[in-house]
Every structure is written in structure tokens, then in C-alpha cells.
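Shared between the two complexes below is chain A, which pairs with chain B and chain C, respectively.
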Partner chain A sequence: MIVEILEALFLILTFLMTAYLIRHYVFTLAVLNHSHKREKAAVTTRNAAYQPRVSILIPAHNEERVIGRILQGMTKLTYLKDNMQVIVIDDASTDNTGEIAEGYAKPHNYIEVIHRNQSEGGKGKASALNRGLKQAEGEIIFCFDADYYPQKDIIEKLVAEFADPKVGAVQGRVTVLNEPQNLVTRLVALERIGGYRVDQQARDSLGLITQFGGTVGGFRRGLLESLDGWDESILAEDTDLTFRVHLAGYKIRYVNDAECYEEAVESWGNYWKQRYRWAKGHMQCAFKHSLKVLKSSNLRFKEKLDGLLLLNVYFIPVLVLLSWVVGVLLFLFHPPPWFNIFWALIPISLYSFVGNFAPFFEVGVGAYLDGRTRAYWLIPLLIFTFLYNIPICTKALADLFTSKISGKNCNHWDKTVHTGNGNSYIISQSKVS
Partner chain B sequence: MLKEKMVRIRHSILGFSAGVIVAYIIILCFYLVNSEAAFMLMVFDFLFVSLVFPLDGSFVKKIALLLIGNVIGLLWNSVFSSFSYVAACYFGEFLNVLYIILNPLLNFVWVVSFWSISLSVLASSKTVKVN
Partner chain C sequence: MLPAPNPMTFIVLILGVSTFILIMLLPAFLELKKPRDAGPRTIMNNIIAIPQLPTIMEAEKPMLDPTLCQKIAEILVALPNLEA
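Let's turn to the complex of A and B:
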């Protein structure tokens, strides 16, 4: 009886992992087939005359090392300044973030700073963004994290998509600024290539659930207000909003050539903190939205399928671990005749969820399409980030269940530490140019 | 643009033909390697042909990489299975069991590494061509 249960469990788990494997394969093929066509079309059809008033929200909690960099980037944007409002939300910072932001606000009348005190602020990014939304006057609301550095014409590229009334939100591409710094930043850079260059591009090309990544993106103000802004009870407020936008019947477009540079986490400790928050938040979204996605009349079958796979992706490292344990038990006790082939699928799956859950072939093709020459050598090492994600996701799931049972609030926002080391890469880039 | 697309399609078709031939050879080699290894080689061939062949680069180079990949896969599996057989004779059956459990993962070590090297080769030749 136990063996039969193990066999059934093993089959279900391998089926689930194979579904993700097929999804990634389809994504990679889609990007290979559509990339040239899409980029050329995007460039030729972009409507440069469409320049509505936009508000750019920059939440910042103790970001003195990086806030100057993004504000400098904002002053260099080519978007019409009369139609632009930049709002820095100094979210109960105890360092000089507020003073630095004020220093930029004085000479630039389109930059505003909101100071939140300790009692009002420090409750996480969603809370800060909602505060910024109250002051925003723009027709389109963008949000950028404080550690980012935008391309000069990024707003024009992103705004152009809103010419289509069905588009509710837009997402640009995130590229790692401090990639050469160390092994962690290099691996994160590869993850980003898989996640944006291939995953996001493919979802956009195939008309699936394009994801808003929490930064380098924007929304229609009316839509955002009708959805009551960002949900402060969810740690992955970006994924939550992604699904609320899609469920409301709007599209999210991904613009690959609208690049923004981020300062990636530089240590395994910070990697843990960031991914733990993402995993927990994503799991919260899975519990909140899975049923709604299934029932939605605004989503087509393929969107529902992709939505469910996206919502549940952070459970997969836990399931891979489980399937490995079940597989070993089956092998030791009573291997069924079909076992060998299914057993071989486990490591494929293992390598299908490396990095930010993009498989090796996806990362490789993404890097190739980006014109990279040396990044491929690190692809085998992405297995370590996946293995690292197993305890991260397992702990996130365990903590989520514990908090559900005990009723304790588990939404502590563990902020990612930004060192400002990315500044030197901007300086070196500007010297080269 | 159209010419580029035609080249991609031609490479994919020829690549799949080469992949089918290689797959038949692997099936014939079932007596040399175990069934998991043969399955892994087929997965490698399928992914390689469908995802690497549509990329820019010389067709001959892609075919050469595909064949080298298969030779490495066969050698890798032969060496590891011989090693596990000998180790099991000397140190007990446990090592053989351990090998079978870890075998698929060991296979992916060469698959992913070779994949990375292949893309490096194709990307560097592309850069040289552009320059």
C-alpha cells in the first residue's frame, strides 16, 4: 500500500515538473522565433508623440548610498519634464536619504520628497507606494526602486505601450549593473537574463501572463486606483498586482529594450533575505489568486495555465526535494518498471529551476540573444543557486503555515541592503562612452 | 531578413535529421550504455537541435558540436558505469546503488557544461564575424 502511494506521489511530482520543463522549452522556442520580429516592430511602431503626464514613485528606506544615483538618472531622462513628476517617498529613513533627496528637489521642481516618520512609515514598499500614489498627479504611475539607474529614454519606451487602451500596465527590462563584482552578482545577472530576456519576452509574445516585477514598470492611474493600489498585506505586492491587473481584463506589456540597471545583491546572506521575501510573498499570492485565476472569465485557457504555473513556481524547489526523497525510497524498496525514465526526469527538472527558476537552456539562449560571449561559462554553477533556493523556499512555506496556524503576522519586510558599489560601474560606463 | 529566416529553418531541418540519425545510433548503443544514459543523450540531442541550431553560426560547427557532445556523453557514461562496477566489486553493492541514484544528476553535469561551451563557441564565432 505504501509503495503504491509513493508511486502515485512520484508520478504526480514528475508530471508537475515536466509541465514546467515544457513551459520553459516553449518560452525559449517562442523567443527564438519572435525576438527579431518583435523588436523591429516595437521600434517602428513606437508613438513618440504620445507623452502623457507621468508620476514616478521611488520608495526609499535608508538608501543614502544609492538614492543620489537614481535621482541623477531622473534628471537625465529625455521625457518632457513639464509632463513628469518624480516623487521620492523617504520611508522613515534614519540615515541621510531624505536630505540627499531634498538636495535634488531644490533645483528640479519636478522632484518632490515625502517624508514619513517612524510611526507612519517603515511598513514596507507597498505602504510607501500607496502614500506616493495619493500625491501623484500623472495619468501613468511608474515605480522604480531606489537602487536602480534608468536609461535616458526609458519613459518614452514604456509610455508608448499605453497608446493601446487594453494595456493596463507595462514592464521594462532589469539588467544587473554590478555584474562583474563577484560570483553572486554574476549568477544573479544570469538569472535576470533568463527571467526577463526569455521568460517575460515569451509571455508577452505568446499573450500569456506578463509579470510586473515591482520596479521599472508603470500602470494607468485609473486602473491602479480602481484596484485600491498596492496590497500592503502581501510581501510580493508586485505579483499580487500583476494578477489583479490581468483578472481585471487588462494586459501587461513587456518592453525588452526599455532597460534599467539594478544593483544586485552581493552576498549569499542578502540573496537569502531577498529570495525568502519573494518566495513567501509569491506563495501568499498563490493562495490568494489560484482559484480566482481558474474561475476568471477575463482569462483564456492558456493564460489560466500560465498563471497557475507562475503563481506556484516557488513551491517547485520544495517539490523537487520531495520527489528526490520519494524517488530514492522507491528505488530502495520497490522500483517499478517505468521508474528509470521518470528518475532521469528529476535532474532535468532540477536544472530546469536553476537561478530564478529558468532552466540552463533558457539562460543560455537569452545570453546568446543579448550578444554575450563569456557569460555561458557560469551557467553550470547556477545549480548552486537552485540548491540554495530549496531551503529558502522550504523555510518560506514552513513559516507561512506556522503563521497561519498561530495567527501571527509574518509580513515583516526584510529590506535588501544596497551598498552603492554599483556607482563605480556607472562612472566607468560614462568614461567609456 | 527572409534569407536569414530561411537559413534558420534549413539549419533546424538538417539539425533534426542529424539528431534522428544520432538517436538511432544511441539506440543501437543500448548495449554499451544503460537505458537512463541513452534517454539522457536523446534529451540532450532534442534540446540541442531544437534550441541551438536556430541560432546564428556555421551549420558544420553545430553538427560538429552535436557529435562531440554525443561522444562525450557516451564516454562519460561508459567511464562512470565501469568505475561504479569496479568500485561495487571492491567496496560492496552500496556504491552501485549510490551510482544509480546519482547517475541522472551526473549526466546533467556534462550536459549543462557542454551546452555552455557550445554556446561560447557559437557566440565567439559570431563576434569574430561581426568584427
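Let's turn to the complex of A and C:
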């Protein structure tokens, strides 16, 4: 009886993982087929005359090493300054973040700083953004993380998409600034290439659930207010808002050529903290939205399917671990006859080689489309991040269940530390030019 | 049925797997040791461009040769103290 249950479980796990692997191939092939056509069309149809008032929210908690960089970037934006409001939310910082931001606010009247004290602030990004939203006057609300450095004309590129009344939100591309720093930053850069250049682009091209990534994106103010802003009880406030926008019947557009640099995490420890928060938040969203996605009358079948795959993506590393355990148990308890048949190795090998290589293939195609010459030589090393994500996601799920049972709050926002090392890449270049 | 495993089977298996892993990771190690990729994607052609990879490598280089520093220190110790 136990063996039959294990076999059934093993088959279900294999089926689920195969669905994700097929998705990787579909996305990659879609981007290969449509990328040039779509980008060309996006440029030609961009409405440059549409320049509504925008508010840019920059939540910052102890970001003294990077806040100056993004504010410098804000002053260089080509968007009409009279139609622009930049709001820095100094979220209970104990360093010089507030003073640095004030230094930029004095000579630039479109930059404002909100100071939150220890009792009011420090409750996470969503809380800070909601505070910023109260002060925002723009028709479109943008969010940028403090460690980002925007492209000069990024606002024009993103705003143009709102000319379509069905578009409720827009997402730009994230590119790693400090990529050459070390192995971790290099691998994060590869993940970003796959995630944005391929995943997001494919979702946009195929009319699926394009994701708001929490930064380098914006919303219609009216829509954001009707959705009551950011949900402070969810750690992945961006994914939560993504689904609320789609469920409300609006679209999120991805603009691949609206690019912004980010400072990637530089150590395995910080990688763990960041991904643990993402995994836990994503799982919270899966519990909150999965049923709503299935029942929604605003989503088509393919959007529902993609939505469910997206919501549950952080469960996959846990399922991988489970499938390993089940596989070993099956072998130990009672090897089924097909284990001893030599030709059974053929489908197993095919699955391992063709299937498991799908995400690496996706990253490789992204690097190719970006014109990278040798970045994809590092792709085999992504196996380390893949393996590293297994304990991260397993712990996130275990902690989520523990907190549900014990009733303790599990939403502690473990902030990603930004060292400002990315500044050297900008500073050294400005010396050259 | 699969043949019964013997010590030779295990040795061949371990060697085979090790060789496969080495071949898989060799390009990655080469690129890590001597990066030839152009570095991060340049997103702002007319504003800033990302410096090439060697910039970081040069920054990590020690400012002075440690053996030279040691020799200078030895000479300084041997010199008479003019203030005394």
C-alpha cells in the first residue's frame, strides 16, 4: 500500500515539474519568435506626447550608501520636471539616509522627503509605500527601490503604455549593475536575464500574467487607490498587487527597453535573506490568490494556468526535494519492475537532460538576445543557486506553517543590505567621460 | 536485468560522473578565472556605460608589493633616528 502511494506521489510530482519545464520552453521559444517584432512595434507606437503628472516613490530604510545614487539619477531624468514628483520615504532610518535625501530635496523642488520615526516606520516596504501614496499627487504612481539607478528616459517609456486605458500597471526591465563583482552577483545577473528578458517578455507577448516586480514599475493612481494600495500583511507585496491588478480586469505591460540598474546581493547570506523573503511572500500570495484566479471571470484559461504556475513557483524547490525523498524511499522499499529494465533509462535520461536544462536554456537565450558573448559560459554554475533555493524555500514553507499553527506574526521584513559597491561602476565611468 | 555491481563498476561510474561534471563546469571556471564577457549590459548608451570587467580586477589588486614594503620597512628600521 505504501509503495502504491509513493508511486502515485512520484508520478504527480513528475507531472507538476514537467508542467514547469514545458513552460520554460514555451516562454523561450515565444521570445525567440516574437522579440524583434514586438520591440520594433513598441518603439513605433510609443506616444511621446502623453506626459501626465507622475509621482515616484522611493522607500528607503538605512540606505545611506545608495540613496544619493538614485536621487542623482532622478535629477537626470528627461521627463518634464513640472509633471514629476519624487517622494523619498525615509523609513525610520538610523543612518544618514534622511540627511542625504534632504540634501537633494533643497535644490530640487520636485523631490520631497517623508521622515518616519521608529514608532511609525520600519514595518516593511509596503507600509512605507502606502505612506508615500498618501502624499503622491501624480496620475501615475511609480516605485523605485533605493539601490536602483534609472535610465534617463525611463519614465517616458513606461508612461507611454498608460495611453491604453486597459493597462493598469507597467513594468520595466532590471539589469544588474555590479555584475562583475563576484560569483553571486554574476549568477544573480543571469537569473535576472532569464526572469526579465525571457519570462516577462514572453508573458507580455503571449498575453499572460505579466508581473509587477516591486520596483521599476508604475500603476494608475485610481486603480491603486481602489485596490487599497499595498497589502502590508504580505511579504511579496509586488506579487500580491500583480494578481489584484489582473483580477480587477486590468493588464500589466512589460517594457523591455525601459531599463534600470540594480545593485545585486553580493553574498550567499544576503542571497538567502532576500530569496527567503520572496519565497515566503510568494507562498502567502499562492494561498491568498490561487482560488480567486481559478474563479475569476476576468482571466482567460491561459492566464489562469500561467497565474497558477506563477503563484506556486516557489513550491517547486520543495517538490524537488520531496521527489528525491520519494524516489529514494521507492528504491529502498520496493523497486518497481521498471527500475530493472534498461530501456527505462531512456525516458529518465531524456527528462533529466531535456527537462532539467529548460531553465538554463531560457537564461542562455536571454543572454544571446542581449548580445552577451561569454556570460552563458557561467550557466552550468546556476545549479548552485538551484540547489541553494531548495533549503531556502523549504524553510520558508516550514516557517509559514509554523506561524499559522502558533499564530505568531511571520512577516518580519529582513531588509536586503546594499553596500553601495555598485557606485564605483557609475563613478569610474563618469571620470572617463 | 542489470549486471551485478562490482568494485570496477563503482570506479568507472565515479570516474565517468566526475569527468562529466568537470566537462560541464570547465567553461564556467575558465570564464570566472579570466572573464572575457563585456560585462553588464549597457543600458544607457548616451548617459553612462559600464566599465569593462578588468576595472574591478584592478581595484582588487594590492596597491604595493608586500615584499617591497617589507624591504622598505627593514631599511627604515636600520636608519638612525635623527630626532634623538
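Convention: the second predicted complex is superposed on the first by the 400 of 433 C-alpha atoms of A that agree within 3 Å, B and C clash if a C-alpha of one lies under 4 Å from a C-alpha of the other, contacts with A are read in each partner's own complex, and residues count from 1 in each chain.
Everything below uses one rule, namely that a residue touches a chain if its C-beta (ideal position, glycine included) is under 8 Å from a C-beta of that chain, and two chains touch if they have at least 3 such contacts.
Since the structure is predicted, the reported quantities are computational estimates derived from the model, not experimental observations.
Of the two partner chains placed by the overlay, only chain C lies in contact with A:Val176; chain B stays clear of it.
Contacts of A:Ser205 after superposition: neither chain B nor chain C is touched.
In the superposed model, A:Thr28 makes contact with chain B only, not with chain C.
In the superposed model, A:Gly364 lies in contact with chain B only, and not with chain C. In the superposition on chain A, A:Asn130 makes contact with neither chain B nor chain C. Of the two partner chains placed by the overlay, chain B and chain C both lie in contact with A:Pro380.
Contact with neither chain B nor chain C is seen for A:Ser93 once the two complexes are overlaid on the shared chain. When the shared chain is aligned, no partner comes close enough to touch A:Thr239: not chain B, not chain C.
Of the two partner chains, chain B and chain C are each touched by A:Arg372. Residues 340, 372-374, 377-380 of chain A lie at the contact with chain B in one complex and at the contact with chain C in the other. Here chain A touches chain B in the complex through residues 25, 28-29, 32-33, 36, 328, 331-332, 340-341, 343-344, 346-348, 350-351, 360-361, 364-365, 367-368, 371-374, 376-380, 383, going by the rule given at the top. Residues of chain A that touch chain C in their complex: 76, 151-152, 173, 175-181, 183, 186, 189, 259-261, 340, 342, 370, 372-375, 377-381, 424-426, 428-430, 432-433.
By the touch rule above, chain B contacts chain A in their complex via residues 1, 4, 34-36, 39-40, 43, 47, 50-51, 54-55, 97, 100-101, 104-105, 107-109, 111-113, 115-117, 119-120, 122-124, 126-127. Only residues 1-2, 24-25, 27-28, 30-32, 35-41, 43-44, 46-51, 53, 55-56, 59 of chain C touch chain A when the two sit together in their complex.
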